[in-house]
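Some structures to go through are shown next.
Below are two complexes that have subunit A in common, paired first with subunit B and then with subunit C.
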Partner chain A sequence: MSGRKKTLLKVIILGDSGVGKTSLMQQFVNNKFSHQYKATIGADFLTKEITIDNNKQVSLQIWDTAGQERFQSLGVAFYRGADCCVLCYDVTNEKSLNNLTSWKDEFLVQSNVTNPQDFPFIIIGNKIDVDDSKKIPSLQKKLQNITNNQLGGLNYPVFETSAKEGINVEAAFEVIAKMALQQEELNDANGHDVSDDYNDAINIHLESEYSGCAC
Partner chain B sequence: MSTNDNESDNSVRGKVSSSLSSAQIKGPVSLTPTSILPSSSGPTLALNLENVSKGVTRAIDYTSDQLLSSGPRLSVVSSGSTSDYLLQRQISQEEYEGLTEDFEGDEDDETEDHDTEELHNIISDIIRYERNNTINVNSLMSEISYLDLDMFPNPDGLVDEMAYYRQHIEPSKSDSQQEFHYKNKHFFIFSLAGKPIYSFNGSDEIIMGYMGILTTIISTFEENINEEIKSIMVGDRLKIVALNKNPIVLVSISSISYELMALNKSDLGLELDDEIQTNDDKEENHTIRSKEDLILINQLSTIYNYLLSILSKPVIERNFTNRMNYDLRRILTSLDFQNIDALCMRLSYGLPITKEIDNNLLDTSSFGFFISELLDSSIQSINITNTTRTRLNNILLSCKKLKIKQPEEVKSDAISSYFSSVTSSAVEEKYLAEDLLFSLLSTSNKILGYMKPKNHSLSNDDLKIVLNLISSSSNSLQFTEDLWVPLCLPNFNPNGFLYVFVKRINLSDYFKSGIQVQPLDIVLISSNKNSFYQMQEVSIHIIYMIIKNVDVLNTLTQELISSSKLSIYKDIKVPTIKHFIYKLKKSNQFIMNDIIHVNNDRSMNSILQLIYFYSVLHNTKSVKIRSKLRSTYNKSNISSTTIPSATLSAIPNMKLTYTRWNFPHTSVTGFMLSDNDYEFYCLCNVPVSSKDLITHTLKIIKWCEKNKKRLFFGSGVVF
Partner chain C sequence: MKIEIDNDNDSTKLVYSAELILDKDSEDIITCITCYESNIYVGTSSGRVLHYHRFEDIPGYMLIANIQVHEDSINKFVIIPVVNKILILCGTIATFYNLPELSPTNTRKLKEINDISLLQYSSENNRSSDKLLLFTSSNVRIVQYEEEQEQVKLLKQINYANAVKGISTTSTMSTNFSNLVLVANNKNYDILDLRLTRKIPLFEYRTDIDTQIQPNIIQFRAEDKGPNNQEYLLTINSGDSTSLAMFINSLGDVTRGTLTWSDYPIGGLAIEWPYLFGIFPDNKLKISSLVSLETKQDIEIQGLEQETTQEFEMQFQFRIERTSKISIENSSLMEILRSRYFKDNTKSLLTETIDHSGSVIILSQSKVWLLCPENEILRIYEAWQYALTNDTDTDTDTQSFLDEALSIVDQYSGHIKSFLIHMILLYYLKDNKIQEATKFLYLTIDKKLVVDAHLIVYLYGFNYDDLDFPLPFGIEKNLSKLTMSKNDEFILLYLKRVYPLLNDSPAIRRTYWKLINSDDEVIEFVNGKDKLNWKTMDNENETIIRILQEKKLFKSLIFVYQYLLKTVPSEELAIRLCDLLLQLKDDIADHNELVSNILDNLPLISSETSYSSYLFEVLKINKDKGLSYMKSNNKSKFKSVHNEIMQEISSKYGDELDFSLLRIEFLESSLSGTSNSLHELFIEVKKLIVSPTIFTETNKNNFEILVQTYHIVNSLNDSKWPKIPWPDYLYIRLGTSGCDDFIGLYLKLLELVQITDEFSLDDEMLHDEIFSYFNVLNPLKDPITILLQHYDFSSAEAYAINGQLPSSKAAYYRDFVSKQQQSININVKDNLKTILNYYLDQTTTDTLNNFAVAHFISNYGSSYFTPNEIMEKLPGDVPLIHLVEYIENVIIQLKIGNKQNILQKSLIRADSELTKQIYRQFSTQETP
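And now, the complex of A and B:
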């Protein structure tokens, strides 16, 4: 039972179809990359254990969802109880960048999290290995525009990664874990575990003739 | 996933892992099970007959198709050599003729009690008809092995009982996919967010993905079809059953034949409806669960009840309120996980979790637990004289009359100053055991005496939780220590705790000679969490009352020693029947004899065999005798008043089941007889004529009825 102290975190990866969500996850968990594109059907689940801040054991349960519209009906089950949400876009696909907001909104609607402002999101721009000419023109400006105006003006951490080359992937997931853990600890501080207060004593009403009778 | 390709040389493993390690949901989850999980290589076990050499296929040659079908017949011939089959048929034929002779001889026997004879005839008739209820088993060994029976899948054709146990039965938390997929049985508990809470087998890494898949399937059903998923049958040897207790979900996956049998009790329909309504208030309007899932559903309910008993419902709900990402494992201890492991073992196999599993003298309380579950939460009782039971109950009752001692003694002074409430009211006379609600005297998980208040009682499920608590703390429960734990009894009240005091006493301590007697447990259930010292004093009083009178002490000790070895042969003087279970329906309590009389051991092999035989016997559709009896009785003009109660008087919805397993060197006969008052099950592992079987069955039933007060603790004493 050594694993008891491990924190288990549920991480959801969202984003348009083809931005490389599965590749990111495969690169992170298995250090593998496949050139073939295979659409995720429904969702994939992977687990990876990492150590952060040198001593905290964290188990990441990664839910890689399908980007395709038709799988959105799988809904609530995916989003429910998530500890962190990763929003992905493709640095060569402007539409996927513009869709980040709707992915975030979709998540907040479905997951029904209590404090949407505090919920940890992280943005990943994937495929930075491709030729600069193919990238979205003036990407940084557009990205800033989106984070400032549409994502509620919040400063979500942004990572530019390459699942293919394995650039920045590990670093991104480490931040994901840290943010989720922070959130978890914050939750704990607010509402501590309802565990060892066995104070829910039952009010037993034995009939009065007994308890009152001294004869 | 390329790793799976590398493993494809091992086709069993390759098949399983390639289809599941990627843990991918195929398509939007549809209603057809095959699209959710790959059909032949389900999540637990791959059954690949091609891998298995011809010589061992006998073990995997499932007779289950017929067995699982709902018809009353179990007539199955496995694909052994033809000559074997013919031989067996011949034997059956001879026996059949022998039976007819018995039957006819019976009629001529004028001295035989007329009514019993009548019943004989009827039952013989039915048995003759039921002769087809025979399962032929081709065994290589002269002794019966549980591996010869159609209990478990045996993809590798293992013939060594221990090896099979290690590979397929014993829970393992290892990282190995292969080990995981070999197991016959899985239990999972996870939150609706898909976070694992417990798994019977497999490490976190292995199960995490499955939790995700299961969560998705379950929620998708709920959202899109607005219905709760109940079970998925994968092929005909694997079943997945889910119990959604929002915010947590319990799932069991089984490939154990006796768990996949449909419950065919013809009177089950009614009971089922009641149960559904009490269990799931939310589900009232939903379709009633099919009977086939009931065995596994009951197991999941028992595990859920365990969770409730340690946490209580509000604690679980509060933790998940506003944070669905909550990890329930944070408030569970390693002891809880060990207890759930033990519970799962008992529920599935009737075995304890122990390192010395091959020991021939296993603790049989797990077997008793299994039978209790099989018989709808019946509680096991123990054979002691009515005088002793009454004495014990009176001792329990006397505790309620104890007055609090005057505060002049130093000890009680310390106590009363500790609890200010006691001090303040000590001036008035107060009862020591005011907060005591229920008391139990038990030994080896069997109840001897029971005290309860007038207007409250504990359901059998709650009693089981209490007994389970004692058996799971057996290791730590020393004679010198007292156990004091908060416990939520879900049927009594799922929203709060009662406080349980357990004191174990060793009666042999009070004898100079080295008498060996099983320990006695005093269980005091209080409504006040600050009443530990009071309960402790009550327990001292109980011990004092037992030991102060040499007569009480002696008889109790003697009776405990002999009752643990209840023998049909010695105590009831019946030679053929080796094991029986008699359940009194009214109080839902049962009695059975020591399993040592079956094979002269209490080994894993014997326990598993009994579990299989009794499960099949219990779950096979029984034959109603009622209509036949009536017509016979009308014909023979016997007024019902002359019929002895042991047989037919109340008439009674009488039913029977007769099953027989033929082995090359022996046979096992299973017989079930029930009416409105009782259910009786028995096993003979020597060839027995139907005449003897009936005579002996009726003899045991009469004995049980005669000794009802000795055998059952009834509803206890009331204060």
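And now, the complex of A and C:
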């Protein structure tokens, strides 16, 4: 979307309800953590200015979307123009891990990105601060299985974080920023969005033009 | 109804008030509304259009037309300003009418229309359009209204099924500009690209197609993202009890997070940046911030009339929508700003009409309310009122009032600025923060004080019946809360500074004078700022004079009187000044100045009583100046007054020597030479000389000593001649006599008796031995004898020869002496014989020392007597030594006589001889 500033990098955080998407965003942007869970309705975003690679300043617009299925129809609006997608799961919730694939697919379908194979994804396993006993058994194996098989064998970066303790959050988002920037630069290099702002438009059959009143 | 919203950025609140602007009386329901210039058009469920207009001279909107345009409910108005047309959608039929009067046009009706929108050319170009978007069940049409032909031309038609609502938007995309339409069909929101004829699907707005959910597409300017940044709010019913608002730009990109509600806004939405107003089921009004996305208010609409429709027997649902700006008179603000005279409330000063405006309206069945942001002046006014009754040091609310008022005061002008300044200033003054108040206290606009000085003096306790001034009502009704501590020093300083700006205000001037406490200040004020007010003697100046009297600023009072007398001289003022000066004479050090002041103003006084009174007092203080004045003004009309003064002095102060002498002096000074004046003086002198103050034993004794001394000095045993006359002796003894006053009067009286011939045998005074000398003027007595008895021998001798007394050195009234009648029939020889006899009588015992006889015969013997007569008179034992001079004179006289005889004889002989010779000569000539 060439209509936006190049330094504004849009990042979408996806994942099942309750995996900690909002907490990750709040921890990264505001260094805050709330113990009280409140399901996100619709979507919201926060913006943070960060410096990466050789003092390059970028503005990360991090969209926190609703994990609930009923809001997924809105995804098309939120996903459009994303530069990076964060797939988030809960290290204590195996189902959320298993759903990463569907979140990726949903994103690719609704966002209509031009280079789905190359689009940058990052995987974050959140809540590592909980007891190991509560974590998914054989997590690494299962994760590797998912990344190799279900996510197309692509080597997506994986971070294990704790939004509560602030563990690895900064590092994860630094990588996210770098990846988003690369994607942005790649889009520019490929000349995407130069002739059109809508890559999901549907052509409409045009009625013959009238020269007089047709009412 | 008031709606308070917490601001996102600070602790302040934004307050809206719902002002009723329209109230229709018919039973049909308001369905839509639009504005055009000063007109409001209201559509109803029965197909009527109510046309309201706001005239300039009335505060609100007036119904001027009620037009039945259709049988069906009116769903929408679309104003086409570029051609002055309005398109009215009734049911699915749209009809053109002329603006503003709604007269019909010849344009054909548009049918099967679900919604209409003006086509927008460019988001950056607000040029009005004559093109319309018509949303129908099967397509979206772009049409153009052709004004000349009064017809609608179809420009483009795009297939799009079930469009129920849409708005035109534009977007500058990567390479080209394109017209876009945000449209809602029966389930989805989509973007239609009119140029490229394509659809960009957005999202569903309802999950259940059976629900009666109406889509909302609200365009607004996102002011947090720069100018002309248009965004769109789209509402979504996402499920059982949740709804969302999505925000997108014209490209369909989401621009901000979602707003979520538990209900769907069935009453509509309106945005007044940065707040979104929505009416939800059960008439809940929810207000959300578009910046923080927080719900700011969730309230039930209260205070607005709840209505039920008879038709549906259900509670009426309020609706909310945004229109173009509507202005109504801000009656609340005008009420507090309207100035009226503080006391005479009938003298009201109308301010210009002040409107407040809004763009968000709430509609009920028959009424329309305008949501007006609370005027900040009203808000500050409320805070000010609160601050007046609360502790300003500890209350943060009061401080915030001040901060806000100070921050905006310079943004306003006219009545509002003046009102703000009043509030700030009075707030400061209430807390006695004079330093802070200074800036506003002296603030002027067009050389006129913003805050009336009358108000300031009133607040500080100076109130008068005529103290009236215009004051904004909002200030006036709070004056009772302002109890200022008395601070005369401050008020005086204030008035000193502002006085030149005030036009002749009696109340201010009075206050100024009340505050002045020193004579120096008075003088400075009168000579300076108050100068022009002392050109007349009016009631106001009378009041000020009373103030000075009450303050006992007498020096000031004298100064003021003097100042007034210079400009408006009057008898009354002169009298007041003289009264005051005399009242203060004991306190006035410089009596010369006091006397001069009185005398300077005496000519203004016509009242003889006052005149004589003041002059009399002046004479008491400084008789020289008083007399000088009387002398120089003795020919004035007050001459008689002057005399009366003297008489009064004589009668009242007869026992006061000074005044008695003063009376004499005055009479002397006013002598005209007439017998009356001399007589008056004579009487006065005579009266005084025998008065107890003069005719004292001391004076009498001292005088007797003088007499005795004189006798010694003039003793005939003394050979020195001439002897000094008695009056001259007295005269030279003035200053050493011990009875100078008496002597002075004695000499004057003597002289006056002499001049006026006033010697009276009946005058008992003259019978006193002390005045026995006066018998010299007694016509019944021989003056020579009297003079001799009083040892005044020279005078006796002079009188004997001249028949009158000699001129005295003590001649006080020399100018009138010439009028004295001289004695004419005198017998010098007899007079001299009397004297000689006296001398001879006095020397019988001691002839050796008979110098008087020697003197007499030497001086008069040969002139008036024959030697035989002298010889006969002289006793035989007179020493020859005393006769030598006389005899020599006699011999000389005899010789002279003898020589004369011889010479006469010779001359006679010579004459005879000469006559004979002449005779002979004539005889010879006759006989040739």
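As a working rule, the second predicted complex is superposed on the first by the 184 of 215 C-alpha atoms of A that agree within 3 Å, B and C clash if a C-alpha of one lies under 4 Å from a C-alpha of the other, contacts with A are read in each partner's own complex, and residues count from 1 in each chain.
To be clear about the criterion, a residue touches a chain if its C-beta (ideal position, glycine included) is under 8 Å from a C-beta of that chain, and two chains touch if they have at least 3 such contacts.
Here the structure is a predicted model, which is why all the values come from computation and not from measurement.
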{"item": "Touched partner set for A:A43, first subunit B, second subunit C, both or neither", "value": "both"}
{"item": "Touching partner for A:A82 - first (subunit B), second (subunit C), both, neither", "value": "first"}
{"item": "Subunit B versus subunit C as contact partner of A:Q144, first or second or both or neither", "value": "neither"}
{"item": "Superposed model, subunit A: greater residue contact from subunit B or subunit C", "value": "B"}
{"item": "First (subunit B), second (subunit C), both or neither touched by A:S59", "value": "first"}
{"item": "Partner chain(s) touched by A:T51 [first = subunit B, second = subunit C, both, neither]", "value": "neither"}
{"item": "Which of subunit B and subunit C A:N31 touches, first, second, both or neither", "value": "neither"}
{"item": "Overlap of the subunit B and subunit C footprints on subunit A, listed as residue numbers", "value": "1, 3-4, 41-45, 63, 70-71, 73-74, 76-78, 80-81, 193-196, 198, 200-202, 204-207, 210-211, 214"}
{"item": "Residue ranges of subunit A in contact with subunit C within the complex", "value": "1-4, 41-45, 63, 70-71, 73-74, 76-78, 80-81, 193-198, 200-207, 209-215"}
{"item": "Subunit A-touching residues of subunit B, taken from the complex the two chains share", "value": "2, 22-29, 191-196, 204-205, 208-209, 211-213, 215-216, 218-220, 223-224, 311-312, 314-315, 318-319, 322-327, 329-331, 334, 337, 429, 434, 437, 453-456, 486, 488, 492-493, 495-498, 527-529, 719"}
{"item": "Of subunit A, residues touching subunit B in the complex", "value": "1, 3-4, 6-8, 10, 32, 40-47, 49, 59, 61, 63, 70-71, 73-78, 80-83, 111-112, 114, 184, 187, 191, 193-196, 198-202, 204-207, 210-211, 214"}
{"item": "Subunit A partner contacts - residues on subunit C that touch it in the complex", "value": "108-111, 134, 139, 141, 143, 151-160, 171, 173-175, 191-193, 196-204, 207, 236, 238-239, 242, 244, 246, 248, 251-254, 256-260, 293"}
